[in-house]
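Below you'll find a set of structures to go through.
Okay, so subunit A shows up in both of these, paired with subunit B first and subunit C after.
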Partner chain A sequence: MTEYESAPIVTLTGVKKHFGPVRALDGVSLSIARGDCIGLVGHNGAGKSTLVNLINGGLQASEGDIAFDLGDTAMQAGVRSVFQELSLCPNLTMAENLRISHNALKGIHWRRQARREIRASLDEVFPNHGIDADTEVDTLSIAERQMVEIAIAFAPRGTSARLVILDEPTSALDAGIASQLIAHVKRFCAAGGAVVFISHMLGEIFEVANRVTVLKDGHIVAEHPTEDFTRQALVDAMGHVAADDPETAIVAHALGAEVVRTPQGLAARAGEIVGLSGLAGHGQAAALAQLFLSRSSAWRSGTSPDVVFVAGDRQRDGVLPLWSILQNISISVLRQGAKLGLVDTASEARVAADWKARIGIRTDDVQNPILSLSGGNQQKVLFARALASPAPIVVMDDPMRGVDIGTKQDVYAMLRAEAARGRTFLWYSTETEEACQCDRVFVFRNGAISAELTGADITEEKILEASFQMQTAS
Partner chain B sequence: MNLLSKPWIWSWSAAALTFVLTIGLTSGRGAGELAYAALSFGAFAAIVGLGQMLVITLGPGNVDLSIPATMTLAATLALKAMASMPGTALLGLMIALAVGLGAGLANYALIFLLRLPPIIATLAASLIYQSLAIWSNRGLRIKPPQELAEFATGRFLSIPNVAWVGLALAVVVWIVLERSVWGRWLLATGQNMRAARLAGVPIEFVRATTYLSVSVFAGLAGYLLASFSGGAALNMGAEYLLMSIAVVVIGGSSIAGGNSNVPGVWGASLFMFLVISMLNSYGAAAGAKNVLTGTIVIAIVIAASTRKGRI
Partner chain C sequence: MNALSRYRILLPVVSLAVLLAATFWMQPRAMSYFGLNLLFNLAVPIALATIAQMMIIMVNDIDLSLGAFVSLVACITATYLLDTPALGLAMLVTLILGYAALGAMIHALELPAIVVTLGMSFVWGGLALFILPSPGGASPDWLRTLMTVKPPFAPMAVVASILIAILTHFLIIRSGIGTVLRGVGGNTRSVARAGWSVLKLKACAYGLAGFFGVLAGMALVGLTTSADANIALRYTLLSIAGVILGGGEFVGGKVSPVGAVIGALTLTLAASFLSFLRLSPDWQIGAQGAILILVLTARLIFSRKGGET
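Our next item is the complex of A and B:
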């Protein structure tokens, strides 16, 4: 034990990374030893993803030194990463995806061996996962893709994993799967592995990490053993206003007439916040997409749309990658103020500036490309796009992925204010905690609604019960 | 904004360089005539290129291969209706544009209703348009009305009339892309069709109007080209298949969609004509010209993709 505590797997000394004028990291020193499980927290754009990419060799440091105990490169040192933006090849099977990072798989039977290895790794991390190794990745739900990616990171792949970096690994996972992952991380660290765990869910950080590092604006502002932090101290260190207990903040307000009723049984009234819950990938996203498509047209676009959509899968459903932040915000409101079919650029700029301030998009200039933003800030842009439109119904497909806790509180408050003014929200979330903020919750199981909860019935226990009922009954 | 970062600067520089090289061969004689010819012939490539650019902007897999056949059919039917009689120029224009509209509707119907990939749908449709042109033409070569031929070959302020038409069209397309709601919708659809649909963009409307536009542009180009060259010929559109795609690519528009470049299309159209006339001056064979055209397009695509990779 003493031997590996003395030699860190990776040591960063005074590392800086600049992207043009943007100082993503400004002098960070950190060492990660075997057995460490480091919780890395910070607001959106604090530099967390940049730090990950420097450690795993995806980026070169502008200044400073990164040293490994084994070999010269991250790969030789056994550093693995799971990214926030999923990086699997969608047209290949899981087993084939494993091969991409596993050069030792050779010969005519490589597929059989790859299947065996990915299956073993999935079984180890996520018992009873129910995913077949021959499935093509694009048929998997976002939660399943995340599970596969995590399993590939922990798989042996010729050399064993020694340091695994998990960037927001649980944001797409439901509570049951997330706790399996946390249990595996604990086992992995107890056996001498190291993990860097990035999450905006502070409960997870407290559960899994033995040391917490707080990043703020490219600096490490606090680094202590987990037991020295309280939840409040951690939130303060990240530089946010104190997070209220969300449940106390719900203000009762009168609901209007029913504005949504789908054949599946999903219903909502004007001014209501309706949650969709249950295990990830049980038909919630499909139900919302279907609702949106049935209430909007691919042929006509009025000046005031009936329904708008906030995407959770940013790359697939949300971001228009070639455009600026401004153009990404304004796409849904172009018809407003347009004269003779021409865009009113002045009002467009006003809307973008207004929402940059209201939702706190971290950029100097809304003319910057959308891809210059961190993942959480891109998500804010998608929120701004939907909320800027006057549509009475807002459909949100797990929209809080990668959003930091301070912004979440702001958005919750914004949603409540908009709902009080009569807007209706349909909100799918993988966080049970978020479902508990809704006026009414529909729990999904196997593509159908298994329970409708209202008022005091909306509790974590009831939601979980409705999510699992079938499995306990059979 | 740095001038060098504008993608259209490359096609215009290439056109200027080729112009100088060609003039150098004749030690300065005929510069005016060469520029005039480049503007005349470049106009036809620019008109169909602008249409093809809109389609390519729709995203991967979108291309209109029926441009040559639409040009031929529009020109054939327009000239047949005009029957060389004076005062029929406007009637002919209407017929050419209507043929374009009809071809665009047919193309989009195949794509939307039968869910055919655009490349197959437009290629298959082009065989039908070409057959219709053969059937209605029956080997006759009808001259355009006198005043129309004079307009198509004439000039105004020492610039060819057809170039004025091409320039006016370019300005309209540029305004539509840069400033109009429809232009934003088109660019959004080309970047990510699913995301655009979920952001409320009427993507099928955008696709339909884009395929209509390209065919109408092809109809206009066919009408002008036939009037310019003294009659419709069955192979008159042939060279515009590769040309329409080449000028889009050389002009700096992204072949992956979502990004288009109007000034670049004009620069590339001039460049393509000048390259061919340069090779003619150097006495190159027809085969060599085709090889060189293909090589240029491939080289530009490679250069454009590596430039993006580095950023």
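Our next item is the complex of A and C:
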């Protein structure tokens, strides 16, 4: 891409961003030229989201300079972003969502044009997507919404997209769709566009990026062409040592009696970690929700629940956004500590402090609002909430979405320790690597269980085979 | 997904049709030009007020001052607009701008709309009493003529309702600005990220609400020929009920102008229907509530079923 290198689309020089006393970014210099595909990596709270929001104009830098080659604003320069949390209007159709970010759609026939543009863009990025331009977004699955959002980012929208920032674009997508996206990103960059690709899946970074930038605590600690990095070097640069070998994970321990058996065939024994795997959106989340609802009652919550739920969709099912970290943790244990129906604040604080230390929530004070935490740490709070309750069964709906490797390792260790004490985990994960951490794996396909794998049978190949079998046979 | 949950408009249409059929069955003479006019006579101001409320609900707020506002407009229409049309018109335009400013303030200061509008309802009520301390005034002739016009085929109330439904459908569902306004209700952040000023959009939504509120007040005076400071107080709750009955949701920007108009018609008809039942007026408000709950239950059941499949 040497012919483009002279023309950076955006140049950041010594950019700092402070939120009160927190230095989210502390002097970052970066330039992104046409044809670049930058892999941006870093653990949670390293400043990735802040950097993205500075580039796309969502935040103003406290210090430093951000310059674009065309116009003064990110929008004029053709900078588009796909955010980690889904940001479409769920009440509007796909075509109408395009209208929100596309001012040039005018006149009586704007709908027809919007439909055509969004369809063209979807067809280009995700061939054979099967999504209709007139469906309302809230009837789509999370993966489909993510696809729509990506398509909108790449759509022409009056001016063409020149720099597209993708923040964890594949975390909700299954492998096939993700590879379509990666292929499109490569085509886009080859045609002179630029992409900033943020992902926790290092394999993707190595596949798509030509340059990797590592952020750590608000600084760029390493920036090299992708060829100069190895997987291990990258992980080391981020500051976490990932145990890359899942074989060590499984520690054999005695399993108790069967505690879960659903009509669908899902089963679990006390002390077992049961994985639900397969392609995203094939009925795993619904199976977990059904299990949870059948085991809990809306009428009598009782003092000791049977099942607790760890949400993957933090905003919808997880955090109580107006409450503090402490209140978000202790909500599940209020009944146990209550005296005469009053909250025992002392034991509440004890539980929160205990879990803050055990699960490593990065905050000075558990009284801070939950939204002051980064996404990964919010997820830790949700784990703390579930594990603090005495419930013997824990249901987890893809809880590791967008969580960094370090946090994941912490949580894996905690899950194993809790399982050894006799707790049962049902764990839906979109990452096959995580399924390999389980004692038993149920692979879902088209809303039904297509395979049950145990012990040494749990391998990536077997899981993929069970996920795809039908599609290759037909 | 079944048809009822996909086409949210079906349930309001069915409710109205069932209620209409029941009314005709009880009182076949209502099935005439004159009968329909009597049945739906008061529907036009209620439909306009419901549209006004819908504008607010569309951006995830709620307006508890609408009844008082419509009353104030009615008082101005029956006095100033009659005696000094220029001054009256200026007052009404000021009220619309005031509504827009209110929306901007609610957004800029992040105030809860429910509290602000509750407070404003006393302001509007006070102003109305100030203008018209005792019931009275008169309708401007042109307004009276407009509201009592007898179009061919269908009575004024029905024709006007259809016109209101079509116009607001184009404004809110089909037009670009309407789409963006609904987007504010769906996901404010993503609208803001796309470079829109949410402040202006909210002011726009409230301004539209003010505009339709003014129309509601004027239509009411055209029908009743006089005004009173408390003439439309029940419109606040009627309008909210109408929006919900018409398939709208309190949050999330899911509204339907056609549904809202149908909801308003249903509520108007419910009152007439209960009179035909010879139900004592003491029980009528309760019975109206029961009809409302019945329709909402039906909607909930259908949307649950739609969600399961």
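Everything that follows uses one rule, which is that the second predicted complex is superposed on the first by the 468 of 474 C-alpha atoms of A that agree within 3 Å, B and C clash if a C-alpha of one lies under 4 Å from a C-alpha of the other, contacts with A are read in each partner's own complex, and residues count from 1 in each chain.
Going forward, a residue touches a chain if its C-beta (ideal position, glycine included) is under 8 Å from a C-beta of that chain, and two chains touch if they have at least 3 such contacts.
Since the model is a prediction, treat every value here as computed from it, not as a measurement.
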Subunit A as common anchor, with subunit B and subunit C clashing or fitting = clash
If you stack the two complexes on chain A, which partner ends up touching A:A257: first (subunit B), second (subunit C), both, or neither?
-> neither
Have a look at where A:S296 lands relative to subunit B and subunit C in the superposition and call it first, second, both or neither.
-> first
For A:A456, select first, second, both or neither according to whether it touches subunit B, subunit C, the two together, or no partner.
-> neither
Once the structures are superposed on A, label A:L342 by its partner contacts, choosing first (subunit B), second (subunit C), both or neither.
-> first
Which one hits more subunit A residues, subunit B or subunit C?
-> B
Once the shared chain is lined up, is A:A357 touching subunit B (first), subunit C (second), both, or neither of them?
-> neither
As the complex stands, subunit A meets subunit C at residues 56, 58, 75, 81, 83, 87-92, 96-97, 99-101, 103, 105-106, 110-111, 139
For subunit C, which residues are in contact with subunit A within the complex?
-> 1, 174, 176, 179-180, 182-183, 185-187, 189-191, 193-196, 252-254
Okay, in this complex, where on subunit A does subunit B touch?
-> 289, 292-293, 296-301, 305, 308-309, 311, 316-323, 327, 331-332, 334-335, 338, 341-343, 345, 385, 389
Tell me, which parts of subunit B touch subunit A in their complex?
-> 175, 179-182, 184-185, 187-188, 191-192, 194-205, 254, 258-259
